[in-house]
Amino acid sequence: MYHATRKKVHILLHPELGETKWDKTVNAFIIFLIISNVLVVILETVPSLHDKYLTFFYYFDLISVIIFTIEYVLRVWSSDHDPRYKHTFFGRIKYMFSAEGLIDLLAILPFYVHVIVGLDLRMLRILRLLRFLRLFRLTAYMKSAKMIRNVFVKRASDLKLSVVLILILIIIASSIMYFAEHTAQPTVFSSIPATLWYAIVTLTTVGFGDMIPVTIIGKVMTGVIMLSGVAIFALPAGIITAGFLEEVQHLRGKKTIKCPHCGESFHLEQQHHEH
Amino acid sequence: MYHATRKKVHILLHPELGETKWDKTVNAFIIFLIISNVLVVILETVPSLHDKYLTFFYYFDLISVIIFTIEYVLRVWSSDHDPRYKHTFFGRIKYMFSAEGLIDLLAILPFYVHVIVGLDLRMLRILRLLRFLRLFRLTAYMKSAKMIRNVFVKRASDLKLSVVLILILIIIASSIMYFAEHTAQPTVFSSIPATLWYAIVTLTTVGFGDMIPVTIIGKVMTGVIMLSGVAIFALPAGIITAGFLEEVQHLRGKKTIKCPHCGESFHLEQQHHEH
Amino acid sequence: MYHATRKKVHILLHPELGETKWDKTVNAFIIFLIISNVLVVILETVPSLHDKYLTFFYYFDLISVIIFTIEYVLRVWSSDHDPRYKHTFFGRIKYMFSAEGLIDLLAILPFYVHVIVGLDLRMLRILRLLRFLRLFRLTAYMKSAKMIRNVFVKRASDLKLSVVLILILIIIASSIMYFAEHTAQPTVFSSIPATLWYAIVTLTTVGFGDMIPVTIIGKVMTGVIMLSGVAIFALPAGIITAGFLEEVQHLRGKKTIKCPHCGESFHLEQQHHEH
Amino acid sequence: MYHATRKKVHILLHPELGETKWDKTVNAFIIFLIISNVLVVILETVPSLHDKYLTFFYYFDLISVIIFTIEYVLRVWSSDHDPRYKHTFFGRIKYMFSAEGLIDLLAILPFYVHVIVGLDLRMLRILRLLRFLRLFRLTAYMKSAKMIRNVFVKRASDLKLSVVLILILIIIASSIMYFAEHTAQPTVFSSIPATLWYAIVTLTTVGFGDMIPVTIIGKVMTGVIMLSGVAIFALPAGIITAGFLEEVQHLRGKKTIKCPHCGESFHLEQQHHEH
């Protein structure tokens, strides 16, 4: 009976496994609680709402933490039902240090640290942002999530290189711009680290306009940098698009050749030779 | 004879069906009327034009509504010629609640509500924007419309997930930026909802420059957020591009293998195994 | 001999045809003259240079026009060597009204109109911008030009639809923003045509920051518009990318199946069924 | 023994060849030295750090140059082990003028020029930026580097044409905008070269907001230019994406057909017919 209960709890808290009405209701409630927690953290920062609903926000937070704590304890307890965390003791420890387990812990931990150690209230609020991490659980329910994750995982080394190239371009751009503009605008382009802001804002094409070159050499160099930025920043987009196409074509990769002469059909299998 | 007239009217108002000169003339006139209505709504807001052509705008609107009303009534009446709306009574009701029917109704309804209930003139003007929805009918004539719609429909779940990811990134970014900048600029980054504006403007790379971080931590976090934004915002672009390629290749998907041994050729059919 | 001369002139002025050293020298000189004309038109607008090199600019322009005129006359004269403009008289007229012929005429015409009619000097300068059109001749020498042109031609109907969708989005966005912001900022968002500027600047993600919404509804609507803009503006990029892939794969489309059993190989032809 | 030492040194300085612990340690140290040199050049520009760590920065630079010099001398000496630079004397000269050799020389040369000729200190600092070029060596270790380089090399002619088109668009745009805005804002849009800055900032969608059109014609022209910019700037992105897909599909190009009739399978080879 202990095992049966544990199994039920495990399924209850893993919506992708359960299919009864009860499983779905619990799941919908947890999702609702995550979203409303995020909304409360956001709305609490509006001064007028903060003053008006102070008590409501306090009790909402308290009740949320209690429910999230119960959920967390039950998840840890029932985790050894999962084949990945089989062992009675070490399996649960392993679950606690998995990404899933840590995200859930980080959503409640700040509250207890506050109660015990007496955390600064401002710090507590910032740490409650960690509850936002649970938003990512929402994406777990979507079928496309696996596909998008695949794209990023399979193309990881290409994406890593394009990030390195972007960083090198940013560093070179800010150094050039520092030497081009420092003499003309010593307080604006005050140092290379300060000019990094200009380089990032320009290369991502955000262009706030708070730092603007005034010298001809500064403008010419910015022009060259912006145009090279178009090519370099097209890299991650190109890699992701290529990755998507790979995934889409992988899903429908099996081709069947129908031979009209003998009426039989045979498969045209695509072997992937990744080097 | 009743059926023949109804059929003629139906074809007359569905330009993709009709091919006579008369059908095309009526259709071109309706398109002209839709575009000139949009232009009038736009130009009417220019104070100098509004005062000068007040009477013209009034009669133009009146006549447009009358024509659109006649068109709408005829469309509803002749709709049971369409196999989707076969039933004499319920078919017409069904048509009225179809996207096509509702758009046409919304283009004329505000005028009648104004006449009967005495709507506020300003409200009437805003509601006349609903007439812009008829602009989408222009795209219905284009062959590519079906293809683009297909891309969005088939890739809907991927696009939905990328929208969710973008929203999560925006929420997390604005929360981080609020805590980074609130102390330094309490009136600019006044609350997380106010900082949402900063996050959207920055992540879409619009960068108006009305809210700019001044602290080092705020600038560093913005840099990190902007660079992650490059990858996340590449997702919808990548999905749409992949979808287009799928459509294009789908159209010319049938491959023929010509066997040189027996001289006959057979088709290489692609079976789509979507999981 | 007349025909031989005409043929030589024709080849001389069509660098893609000629291969002798003399052909290439003439061609390089014309390219040099086009680029230096563009540079002169640009540099002439710098006040300090304009005053200093007034005489030089005048004679440079005069000599350029004389050379371009000789080139134009010779091109028209030798055009009937081209099979497209065979007819002795009408062939030449047809050439004069071809894109190529008109661009060359527009590069010299303003000068003669100025001499004869006494064009305003400012107007003459503006019309000299037409000489920039000859820059496009530079691209004609590149092999890739045909491919890029193919992409735009084959995907024309898809691109046209995406342009229509972008225009509809711009019109709807500026109407919504006008009604959202007009009351709060009557001089900035003064009319829908004035708000078109805001919509284009925002949707192309340029974001100058000269018009910024201040109301909550205006900011929320801008957020929605910007995020839909990401999807709509990804359309032309996706169409062009898909078109490129089509072209690239078209070039290497023929697949050969090598049968190891009989040692013979046969082609796997791809039939294009464009609907 | 001389050859053995030279071979060992060669492998030691070419991390992709060596596999012993010692090789990897030396390599990691050189990478660490490159990155810390870049950091020092960047941090040195922060006034507070510059004054505080003046002596540290001086000795760090001195030691770095000494190590880089030793590395450079050893690389040149051992270069004739590389089959590309076989010849005892000319092979080494050839290596010194290879991209790799020049980058390494440029990282140390400014220091010696300064010591001998007595270079201006400011100039020395700027020249030390050349040391940043060694950052590109970091990318050499990544497998993806070859793929990304391939994309740029194979699609070079297409990319070149898109750069030419972008430059033509920028030149035409700035000329049009100069004539549209010069009269209204003679100090802002003062000449076509000055307006080039506006055209680049707008077409790359950076949009700083330091130059903004005020005339209706200027705004309309900017709108047209921005919308054409969307298509033209999609070209390099499309070319790069198509190139990536080519590379990815090239890697797994071999298809195997399994014949169910005789049980044997044979390869479906893709022949690339590039024209």
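For clarity, chains are labelled A, B, C and D in written order, and residue numbers in each chain start from 1.
Rule of thumb we're sticking to: a contact is a pair of C-beta atoms (placed from the backbone, for glycine too) under 8 Å apart; a residue touches a chain by one contact, two chains touch by 3 or more.
Protein names from UniProt, one per chain: A, B, C, D = Ion transporter.
Everything numeric here is computed off the predicted structure, so don't read it as measured data.
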- Would you say B-C or B-D is joined by more C-beta pairs in contact? B-C
- How would you label the chain C (Ion transporter) and chain D (Ion transporter) contact, same or different, if same means the shared numbers make up over half of all numbers there? different
- Task: Compute the distance, rounded to whole Å, between the mean C-alpha positions of chain B (Ion transporter) and chain D (Ion transporter).
- Result: 42
- Task: Between chain B (Ion transporter) and chain C (Ion transporter), tell me the centre distance in angstrom, where each centre is the average of that chain's C-alpha atoms.
- Result: 30
- Task: Can you tell me which residues of chain A (Ion transporter) touch two or more of the remaining chains?
- Result: 205-209, 237, 241, 245, 257, 268
- Message: Considering only the defined contacts, which chain A (Ion transporter) positions touch chain C (Ion transporter) in the complex?
- Response: 205-209, 241
- Item | Contact set on chain B (Ion transporter) toward chain A (Ion transporter) in their complex | 157-158, 160-162, 164-165, 168, 171-172, 175-176, 178-179, 182, 190-193, 202, 205-209, 212, 219, 222-223, 226-227, 229-231, 234-235, 237-239, 241-242, 245-246, 257, 262, 264, 266-275
- Task: Name, in rising order, each residue of chain D (Ion transporter) that touches chain A (Ion transporter) in their complex.
- Result: 38, 41-43, 45-47, 125-126, 129, 132, 135-136, 138-139, 142-145, 147-148, 151, 159, 163, 166, 196-197, 200-201, 204-210, 233, 236-237, 240-241, 243-245, 248, 251-261, 268
